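Below you'll find a set of structures to go through.
Common to both upcoming complexes is chain A, partnered first by chain B, then by chain C.
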Partner chain A sequence: MENMVEHLARERSMEWREALRKSIKAKDRTSLERVAMPEADPAERAKSHVEVNQGLSVQMAVEESRRCLDCPDPTCIQGCPVSINIPKFIKYIEKKDFAGAARSLKETNALPAVCGRVCPQEIQCEASCFYTLKLKAPPVAIGHLERFAADWERKSGKMFIPEVAPANGIKVAVVGSGPSGLAVAGDLVRLGYAITVFEALHEPGGVLKYGIPEFRLPNEIVDVEINNLKKMGVEFLTNFVVGKTATIQELKAEGYQAFFAGSGAGLPNFMHIPGENANGIMSSNEYLTRVNLMNAAHDDYDTPVLLGKNVAVIGGGNTAMDSVRTAKRLGAERAMIIYRRTLAEMPARNEEIKHAQEEGIEFLNLNNPVEYFADKNGRVNRIRLQKMELGEPDASGRKKPIPIEGSEYELEADLVIVSVGVSPNPLIPQSIPGLKVSRWGTIVVDEKEMQSSVPELFAGGDIVRGGATVILAMGDGRHAAAGIDRYLQKKNRSAS
Partner chain B sequence: MDLTTKYLGLTLKNPIVVGSCGLTSSVSEIKKLEKQGAAAVVLKSIFEEEILMDVENQLREARENGFIYDKYSETLDYIDVHVKEDHLDEYIQLIKAAKKEVLIPIIASINCVSSSVWTHFASHIEEAGADGLELNISLNPSDLVTRDFEQSIKVIIHKVLAQVTVPVTIKLNNSFTHMAKTILDLSQTGISGLVLFNRAYMPDIDINTMEAVQGKSFSSPNDFVESMRWIALLSDKVNCSLAAAKGIHTHEAIIKQILAGADAVQIVSVLYENGIESINGLLSGLEKWMQEKGFSSLEKFKGKASSKNVGNPAVFERIQFMKYFSGIH
Partner chain C sequence: MNKIISIEHLSENVVKLSIEAPRIARKRKAGHFVIVKIGEKGERIPLTISSSDPEKGTITLVVQRVGVTSHKISNLHVGDSVTDVVGPLGLTTHVEKFGTVLCAGGGVGTAPLLPIVEAMHKAGNRVITVLAARNKELIILEEEIGEFSDEVVIMTDDGSYGRQGLVTHGMEEIIQREKVDFAVVIGPAIMMKFSSMLTKKYNIPTVASLNAIMVDGTGMCGACRVSVGGATKFVCVDGPEFDAHEVNFDELLTRLGGFRDEEFKAYQIFLETLKKEVT
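Moving on, here comes the complex of A and B:
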C-alpha cells in the first residue's frame, strides 16, 4: 500500500503540476511579494458586524499561488494537523481550477472555509513553509488561499458533496456539533455509518457558531458546511443534552454502537475575586453566545445582553479579543482589554491583536482586577485594578506577573467580560462510570485511536485538550473517525 | 472544675487547641481529636508556596502531555489563578464538612507569603463557616533584601480584616528584632489573637553524606519557654488573646503558659509522639493540679505568674545570664 510520502510524490509528478512548475522559474516565484489580505475599514467595521478580512480576489489568489514552489519535500503539510495536501490545492489555484482546489482541500478537511478564517496558520502550516524556514521571508498565504478556494466553491453554487458508501446500518452517536464532531460525522458518514449528532444548543455548529463572532466567521459559512453534512445523510438533533436528556447508556440501549464525545470546554472560569457576582459581570462564553447565537444585541429578541459604555474584558486570548471587539461593535465608548502581562505574552493571535488595535480597543496591559464594585442596583460600576510587573518565566515559558504593592487604582466599568479560560464540560465525564479523566477534567484517550477507557467511547477536541484550535479539534475528529471505524469493524467481525 | 477559656472571643471548653498539622487535614481525624477532648482545631494550612509549586508542576505536565494545548490557551495563561481556586475549593469543602461533623470551633489557617491574592481567600473561608482564621505569614528573613517585615504583616492584616468579620489571629515566628514592641503593635491592629510561636522548618547536615537534610520535625519539651517568656511579659499589655505554641508536651507546660497569661495553648508534636489519646492525659494532669492548688476555674490562675504579678519580673526580661540570675555559683 502506498504511504504518505509516495502518495505526495506521485501526485506531484502529475503532468499538469510539472508543467506549472516549469512555467515560472523558482527565483521569479520567490521574488514575488506576499499578497496582502484586503480588510474592511477599521472605523467602519467597528460599527458593524461586517467580516474584517474581505477575502482575496481571483487575481490576488492566483498571484499569491504563484509564490508556492511546489516543494519536493512539502514541510508545510507536516505543520497541518489534518495533513492537507497544501501544494496540490495551491497549484490548482495557480491553474485556475478553483473547483479542483476546493475538492483537494475536502479530501482531508471538512471545513476549509472555516479553517481558512480561524486557523492559526502562522504557527502551523505557514510556520513550516519553505519561505519561513529557509528564506526567512513571509510564508505563502496558505490560510488566505484555503479560504479563497472554499469561498469560490460556495459562491459558485456547485458545492462538491463527497461520495458516500452504501449504508451499513451501524449507528454512531456524535456528542457535540463543534469542529471535532463535524469532522467525525463527515468521515464516518462517508464510510456508510448512520450518524446522529446530538447538540445541546438550538443550532448546530458548537463553538464555531456561539464562540466566534460574525466579523471573524460568518454563521452562514458554518451553516453551508453543516448543510453539506446533512445532504450526505448526517442527522442533527438539537436541544439534546447527552448526559441529561439521555445518557450514553440509554443511547446504547437504542442501538448506538460507538460514541464520540466532542462536547468541548464550555465551562467558563472566573477569578473569584470580591464583587465578581455583581450584575454586568459575565463570562465571555455567555456574552458571545448571547450575541452570536441568540441575537441578544437586537432589541426585538427576548434575551437581550447588557450593553456597556465602559466595557472591560479581562484576559488576553482570542476569546478576549472577540469579546472586546464585539463590545465595541455594540456601541461601547471605551472597550478595554485588561491583561496582567504584556502584548508579547498575549495568547491571542497577532492578527486579532492588530485588528483590535486598529478598531480603537484600549489595551491596559500589566493590570489585573482585584475587586469589583457595584452601584445601589447591584450593577458593576468600578473595578479596582492592581499594576503588575513581570518576573521570571514560569514552567510555560511565560513571564510571571507580579503584583506591585500599593499600585491599586480604580477604573469605571459598567460591563465586565471575564475571559480567563474554560474548563471541559463535566456532563459527559460525570455521566459515565469508570471513564478516566485527567487532573484538568479532560477525557484521557489513546493518542492514535482517540479511544477512552470506556471502549465504545472516543473523544477529541477541547474535551481532550482543554482548549485547542479548530483545526486541532478537526484533526482529533478525523483520527477518532478512523479509530471508531477500526473498533466497529473488529467488534462486528468477532460478533459474526 | 471549669476549664473553659475565652480565646479569640470564642468560648473553648478547655485551653487545648490542636495546631495546624496533618492531623487536622481530614474530617475523620478532626472528629477523633474532638472525641479525645480537643477544645478547637486549627485546620492544616492552605499553603501559598505549595500552590505555587502545583502551578509549576501543572504547567510542566501540560507541556509534556501530547494533548493539552498550551499555545493560545487562555486557561493555561491564567492557570495560577485556577489552581489557587481549586485548592481553595478543596479547603472550603473541608471547612464545611468539619463544621457539619463536629461541635468544637474550626479555625482555618492560611500560610501566605504575600498580601495580594490571598486576602480575598479570607472572605471565602468565612463564608464556608470557619469560626476563626489563623494567618501564618512566612516572610523569609534569609534573603538579602532589606524589607520591613513588620509593615508587611500589618498590610496583610489590614487587608484581611477588611474582608472578614470572624476573629483573625496571627501566628508569629520568633525572630523579630524587637519582639515585645512587635507583639504589642500587632495586638493593636484589630486582630483577635496572636499565637507565639510558629515552629520554623529545621535544616540539618548529614555528616556522612555531607549533604543538607531535613532536621528534626518535632518540637522539644523545653521549647515552651520561648513563648512563655513573651506571654508572661506582655499578657497584661496586649489588646488580644494570646495562645502559646511550640514545645507544649506536658500538662506542666500548659499550666505554666496559663500562669504566664496565655488564653489557650496549641499542641502538635506531642500528638505525633504520644498519640492523640495524650490530650486526655494532659487535661487530667491540668485538672489534678488545679484540684491540688484549689483552683475551681482557669480564670482563677490565668496570669498569676505574669511579669506584673511575680516578685522578680526581671527573670522574664533577662536575655544574658549573670551569676545572680542563673543561680550558678
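Moving on, here comes the complex of A and C:
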C-alpha cells in the first residue's frame, strides 16, 4: 500500500497542481499580505447573537489561497490532528474549484464547517506552516480557507455526500454525538459498517450544540453536518443514555460488535468555597446549555435563564470566554472574567480573548474568589475576591498563582458562572465491570488504537483526555475508527 | 416521541399518565426518574417513575399542575405524545429487610413513594404509610399504596378526609406506638424537612427523595446540587435519595426558588395565551 508521503507526492505531482505552482512566482506569493477575516462590529455584535467572524468572500479566499506555496514537504499537515491534505484543498480554491476543495476536506474530516470555525489553528496547522516556521511571517489562513470551502459548498445547495462501501452488516454503537462520536461515525459508515449513534440529550451534536454559542458556531451548521452523516446511513438515537437506558452488555446482546465511548466530560467542577450554592451561581455547562441548547433567552421557549447586571465568570478557558460573551449579549452591564493568573497564561484562544476585549469584557486577572454572599432571597449579590501574584512554574508549566495575604476585597455580582473545568462523566465507566479507568475517572486506552481494557470498547475525546478541544476529540475519533475496523476485521476473520 | 396510552385526572390539578417507553419500562427500579420535554420549545423537567408495565412497555408518571410544563402535560390527551422522555435516571432505592418501615408521602410526593412502598413490602418489611395533603382532593393513589402497606394513615390539613393534622402528627403517633426501624419521606421540601427532624429526634434512619431543579439530568449541568453532610452532591447522579438527616433542606428550599420570578412570569404569559386561544 502507498504510504502517506508517497500519496501526498503523487497528488502534488498532478498536472493541474504543477501548472498552478508555475503560474505565480514563489516570491510573488510570499509578498502577498494575509487576508484579514471580516468581523461583525464589536458594539453591534455584543447586542446580538450574529456570528462574529463573517467568513471570507470568494475574492478574499482566492487571494489568500495564492499565498500557499504548495510546499514539497507540507509541514502543515503534521500539525493537523485529522491529517487534512491542506495544500490540496487550498490549491482547489486557487483554481476556483470550490466544490473540489470541499470534497478533498471531507476525505479526512467529517465536519469541515465546524473545524474551520472552532479549531485552534494557531497552535496546529498554522503553527507549522512554512510562513510561520521559515519566513517568520503570518501563516496562510488555513482555518479561514477551510471554513470558506465548507460554507461555499453548503450555500451552493449541492452538498457532496462521500461514497459509502457496500453494507457489511456489522453493527457498531457510538456513545455520544459530540465531535469524537461524529468523526467515528463518519469514518466507519464509509467502510460499510451499520452505525448507531446514541445521544443522551434530545438533540444530537453534544458540546457543539449545548456548549459553543451561536456567535461562534451556529447550531444550523452542526445540523447540516449531522444530516450529511444521516444521508450516508448513520442512525441517530436521541434520549438514550448508554449505561442507563441500556448497558453495553445489553447492546452487545442486541448484536453490536464494537463500541466507541465519546460521552464527554460530564461533571462540572466547582471550587467548594463558602456560599457557592447560592442562587445565581451556576456552572458554565448549565448556563450555556440553557442558552444554546434550550434557547432560554427566547420568550417562546419554556426554559428560563437568569439575567445579571453584574456578571462574573470564574476561569480563563474558551468556555469561560463563551460564557462571559453570552452574558454581555444577554444585557449585562458589567461582564467580567475573574482569573487567577494573567492574560499570558490564559488557556483560551487568543482570538477569543481579543474578541472579548473588543466587546467590552472586563478582565480581572490575578484575582480569585474565596467566598460568595447572598441577599435575603438567597440570590448571590457579592463576591469576596483575593488578589494573587505569580510564583514559580507549577506542574502544568505555568506560573503558580499565590494568594496575597490581606488583599481581600468585595465585588458586586448578581450572576456568577463557574467555569473551572469538568470531570469525566462516570455513567459509562460505572456501568462496565472490569473497565480500567485512571484515578481521575478517565477511560484508559491504548493511544494508537484507542482501545480500552474491554476489547470491544474504544474511547476518545474528553472521556479519555479529561478536557480537550473539538479537533483533538475528532482526531481520537478517526484513530478509534481505524482501530475498530482493524479489531473487527481480525475478529471476524478468525471467526470465519 | 412517546405515545400516551392512558390518562387519569386524580384531582383538579393532579394527572396520572401512562406513556409508551418500552426500554425504560424494562429497566426502571424504585427510585428512578425520567426527564421529559413537551414540544420542540419545551423545557426539560425531572419526574419520578411511579410504576411501570414491562410487558406493555409503559411507564406511569404523576404530575401536579404548578407551572408551564406541568400545565402542558395536564392538557394532553390519550393518543398525544410526549416529545422527549429519557431515563431511567438516578440511583435506585436501597431496599433491604429493615423490619418496620415508616413511609410518608406529602401531596404529589405519594407518586414517587409508591414504588418504594412496593419494594419495601416485597423485601419482607412491615410497611406503615402516612399519606398527607391539604385536603381530600389532594390525597392520591390511596388504593395502590394500600395494596403494599400493612397500614395506611391519612392526614389532611383541613380534616376533610382521614384525620385532621400534619404528616408529622401521624408519623409521631406510630413511632410512639411501635418500634420503627427505617423511614422514607417524600413530598414538598418543607414537609421532608420537618418529617426528617422528627425521625432524627427518635434516631430512625431516614431517606428523602429530593426534587431539585435539573436541566440534563445526567450530571452535566450541576443545577441540582444540594448539600448533604456538608458536601455538595448532584441529585441527578448521586441521588435522588439521600440520608435525610444530612440534607440541608433550607438550602434546597432556597434553590428550588432560584427561578421563581422567571417561572412566574412565564406561567402568566402562558395562561394569557391559553385564554386568547379559547376566545
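Here is the rule we use: the second predicted complex is superposed on the first by the 496 of 496 C-alpha atoms of A that agree within 3 Å, B and C clash if a C-alpha of one lies under 4 Å from a C-alpha of the other, contacts with A are read in each partner's own complex, and residues count from 1 in each chain.
In this text, contacts are C-beta pairs under 8 Å (C-beta built on N, C-alpha and C of every residue); 3 or more make two chains touch, one makes a residue touch a chain.
Note that the structure is predicted; figures quoted are calculated from it, not measured.
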Chain B versus chain C as contact partner of A:318, first or second or both or neither: first
Touched partner set for A:304, first chain B, second chain C, both or neither: second
Partner chain(s) touched by A:246 [first = chain B, second = chain C, both, neither]: second
Touching partner for A:201 - first (chain B), second (chain C), both, neither: second
First, second, both or neither for A:378, with chain B first and chain C second: second
Which superposed partner A:22 touches (first chain B, second chain C, both, neither): neither
Touched partner set for A:272, first chain B, second chain C, both or neither: both
Doubly contacted residues of chain A, that is, touched by chain B and again by chain C: 272
Chain A partner contacts - residues on chain B that touch it in the complex: 55-63, 65-82, 85, 88, 114-117, 120, 123-124, 155, 163
Chain A residues within the chain B interface of the complex: 120, 123, 265, 269, 271-274, 315-320, 341, 345, 347-349, 370-371, 386, 394-396, 398, 400, 403, 405, 419-423, 438-440, 442, 445, 447, 464-469, 472
Interfacial residue positions of chain C with respect to chain A in the complex: 23-24, 27, 37-39, 41-44, 68-69, 83-89, 215-216, 218-223, 225-227, 232, 234, 237, 251, 254-255, 257-259, 262-263, 266, 269
Chain A residues touching chain C - in the complex, by the definition given at the top: 200-202, 210, 238-241, 244-246, 264, 266-268, 270, 272, 276-280, 282-283, 285-286, 289-290, 294-295, 298-306, 377-379, 425-427
